[in-house]
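Before anything else, here is the set of structures, which you'll find just below.
Shared between the two complexes below is subunit A, which has subunit B as its partner in the first and subunit C in the second.
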Partner chain A sequence: MSEPISFFSGFQVNDLVFLGEAAGRTLLISAVSITIGTIFGIFFGWSLQASKWLAQTTIGTILDIFRSVPLIIQLILFYNFFPIIGWNTGPFAAGAVVLSIYTAALVANVVRGGIEAVGIPMRRAARSLGMSYWQDLRYVVWPIGLRAVFPSWVGVALSVIKDSALVSVLGYMELLRASQILITRTQEPFIILACAGAFYFALSYPLSKYSQKLEESWTS
Partner chain B sequence: MDYNFHWRPVFRQLPDLFEAGLLTLEVAILSMILGIMLGLILALLRMNGPRPLRWIANFWVELARNTPALFQLFFFGFGLGAFGLHLTPYLIVLLGLSFNNAGYLAENFRGGFLAVPDTQIRAARSLGMTASQTYIRIIIPQVLRIVYHPMTNQMVWAVLMSSLGMLVGFRELSGETQFFASKTYRIFEYFAVTAVIYYVIVKIILIGSKLAARRLFKY
Partner chain C sequence: MIEIKQLHKYFGKLHVLQGIDLNVNKGEVLSIIGSSGSGKSTLLYCINGLEPIQQGQIMVDGIPVHDAKTDINKLRQKLGMVFQQWNSFPHLTALENVALAPKIVRKMSRDEAKTIAEKQLRHVGLGDKLDVYPSALSGGQQQRLAIARALAMEPAYMLFDEATSALDPELVGEVLDTMRLLAEEGMTMICVTHEMSFARDVSDRVAYFHQGHMEEVGPPAQIFGDPQSPHTRKFLASVR
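Moving on to the complex of A and B:
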């Protein structure tokens, strides 16, 4: 008289903790990549704008490739490339590097748009008031350009948070991979996916609405 | 660096990869067609549909835009499985991508519709056109022109997103690459070639769209 053996067990409170930790890892890798990617993206965007020819052919081409190849392919490619050049790395580091470059590629475009949004006459005026090139960038281009493209930057950041789900292919235990594992064990896909979806939604929806509001109030 | 690159097995498999690339294009194009139709309906419903339909349309658009595409694919894969509905990998990818495309395109279309002034509708109606004639002959052609560029971008996104098919067992370009790569352990080489194929597909789409735009919007 034995109980029928089951490989599956129901959804428990512990599993919510497991999902929560995974969500934390999603946030961690996104935050790291967005920060590093934005810093590089600003630099790339500025150099694309400042030196048309040289930067366009070098940085421009590379960033273009990163925008035209699926992120998942980039992740697998680099994860398998790093050991070749002798850098044995875990999924987090590899994922963060690739996501950062990907973010930088998107941010560079946004930044270039921002610098171009500041009219040439405005910048000439700044220079003829005796500002140096860097002062012009810091006190004229930055505040005006930032306003013009901040909403698109938020859009990039949100898409990076969503795309960070792809780091799961490297075995990084982020939210979607954790849910997949739980689904395999509990056979309750609906609840688990609803939890995961709700987390992304709760993160992304308010931010996108907020940036939309900002955009409206700045353009009017 | 003591790694020997072996490209030969990859090149031997190139015809299969190209074929898989065509499958990728097929899914992307079909999902765009479905996405454009659904996106138009969603955009119209959001602007002037009856209450409950408007809520559904809003929910669809916000869900598609605020969750990862991979989540949406999982939903069509595992999520519908909870209701005993088991789709083939092809359908999972096609429906998932169409759902996503429709959400993003609906927002673009809405922007396009808002950009066409109201007075044109009234002018068309007073010329004796019916409501549907007005939409088909006056409004939609102008909207298409406004959303042409975002639509091209979405098409590129559809191609890139279809690579997620790999994770739900669909053997399009990425899935096929994964399959061969795990058979031969030449992971880097296979994915490098696949990356090039994706790059070429994307460039072809962008150039094609530019040429088409030159013909379509000549005047």
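Moving on to the complex of A and C:
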């Protein structure tokens, strides 16, 4: 009598390394998307605020769509759309592009709120001192607006880290995808999802802690 | 010298300034009084180029404020302005608030800007508050900070837009004292104000604005003692 062949094997230390590498990819795609999305979001938010109707009808509409359509649908649509326009892209690039636009859409609103938080009277006071439009933006609007909306921006960044899990549907081997594979093999969903959750926490916690520290240093 | 010729200003269909003619000479203190909505604050915003005008002209030392060729940022360095709301920059200390514009607009070195900021803060009586953030200052102190910030640009003219209206009554005095001090030093000032005693005691001339018109202008003794226009008489009776 030979031993029955088992397709399943238990959770091993090696699997933690596998999850750790996947967490690294989650971090990578999140960091790339948050960075690019924030840069574009700042520009979009400023144009929405600066040129009311022109930007509103163009950028505003596009961003509204990206904000309203579920991210998972955007990912699948774009992943299949990119090859049609001749861009044969892997899951990372497609995921990063969609996540970046999604982030930009969220950040644009945050930025617009930040500029509005500074208020016309404050900006007029700055201009009355002889500051140019750009000096006013750089030395008055930016620092004051940043402090006003920084918590909201951190909220966006944290949600993008978590939403990056959706890129798993494209086959990108990030944390959630890796967990699914391990669950299929080990049949131990509870422990693996707990590990994956711990990794997400480990990625997010430093950001929220650091931002708290930064905010405290601003108020003191 | 500030010269205003046949100035018309509209907000949409609202005709807020209806043909203002007014000159303000070097060293003169002009107070503008009138009920709210009479256009007096708008006039200051127009002089500073913060509001566009639809007709007429404003010249500051011979330079047209609203001409497209005028470097408005440069011209504004001559025109210090203090607003009803003091608008101190909350992320900067008192010293940094005052030093910012000299540094970035007048391109002074850090030390030069600091020196002039210290001097102006002492000037307005805030010499002991250099490193304090605005949130720790009273309304009156913040308004004096705003005056110091404007003075640090070494303007030739100071425009005060109801500088004491948003202050608690017990804080009005310290700001008025600072304005008096500037007047005594010979600063050219246009003060939109509801403080009749200030207008009477400090100004060289007082202008009364009514519904977009300058009803009357003259020495305080004439405006307060023998007003010519029935509107002025009515207004003065109501504020006494």
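In this text, the second predicted complex is superposed on the first by the 202 of 220 C-alpha atoms of A that agree within 3 Å, B and C clash if a C-alpha of one lies under 4 Å from a C-alpha of the other, contacts with A are read in each partner's own complex, and residues count from 1 in each chain.
Throughout what follows, a residue touches a chain if its C-beta (ideal position, glycine included) is under 8 Å from a C-beta of that chain, and two chains touch if they have at least 3 such contacts.
Keep in mind it's a predicted model, so treat the numbers as computed, not measured.
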Superpose on subunit A as described above, then tell me if subunit B and subunit C fit or clash.
fit
Just subunit B (first), just subunit C (second), both, or neither: which does A:W218 touch?
second
What is the C-alpha-centre angle with subunit A at the apex and subunit B, subunit C at the ends, nearest 10 degrees?
100
Please work out whether A:A125 is in contact with subunit B alone, subunit C alone, both, or neither, and reply first, second, both or neither.
second
Between subunit B and subunit C, whom does A:G86 touch in the aligned arrangement: first, second, both, or neither?
first
Once the shared chain is lined up, is A:S208 touching subunit B (first), subunit C (second), both, or neither of them?
first
More subunit A residues in contact - subunit B or subunit C
B
Subunit B versus subunit C - smallest C-alpha distance in the overlay, whole Å:
24
For subunit A, which residues count as touching subunit C in their complex?
121-122, 124-132, 135, 139-140, 143-144, 147, 218
Provide the residue numbers of subunit B that touch subunit A in the complex, in ascending order.
1, 3, 62-63, 65-71, 74-75, 78-79, 81-83, 156, 159-161, 163-164, 166-167, 174, 177, 187-188, 191-192, 194-195, 198-199, 202-203
Enumerate the contact residues on subunit A facing subunit B in the complex.
65, 68-74, 76-77, 80-81, 83-86, 158, 162-163, 165-166, 168-169, 176, 179-180, 183, 188-190, 193, 196-197, 200-201, 204-205, 208
Across the complex, what residues on subunit C touch subunit A?
45, 48, 50, 73-74, 76-77, 79-81, 83, 85, 87, 89-91, 100-101, 104-106, 146, 149-150, 153
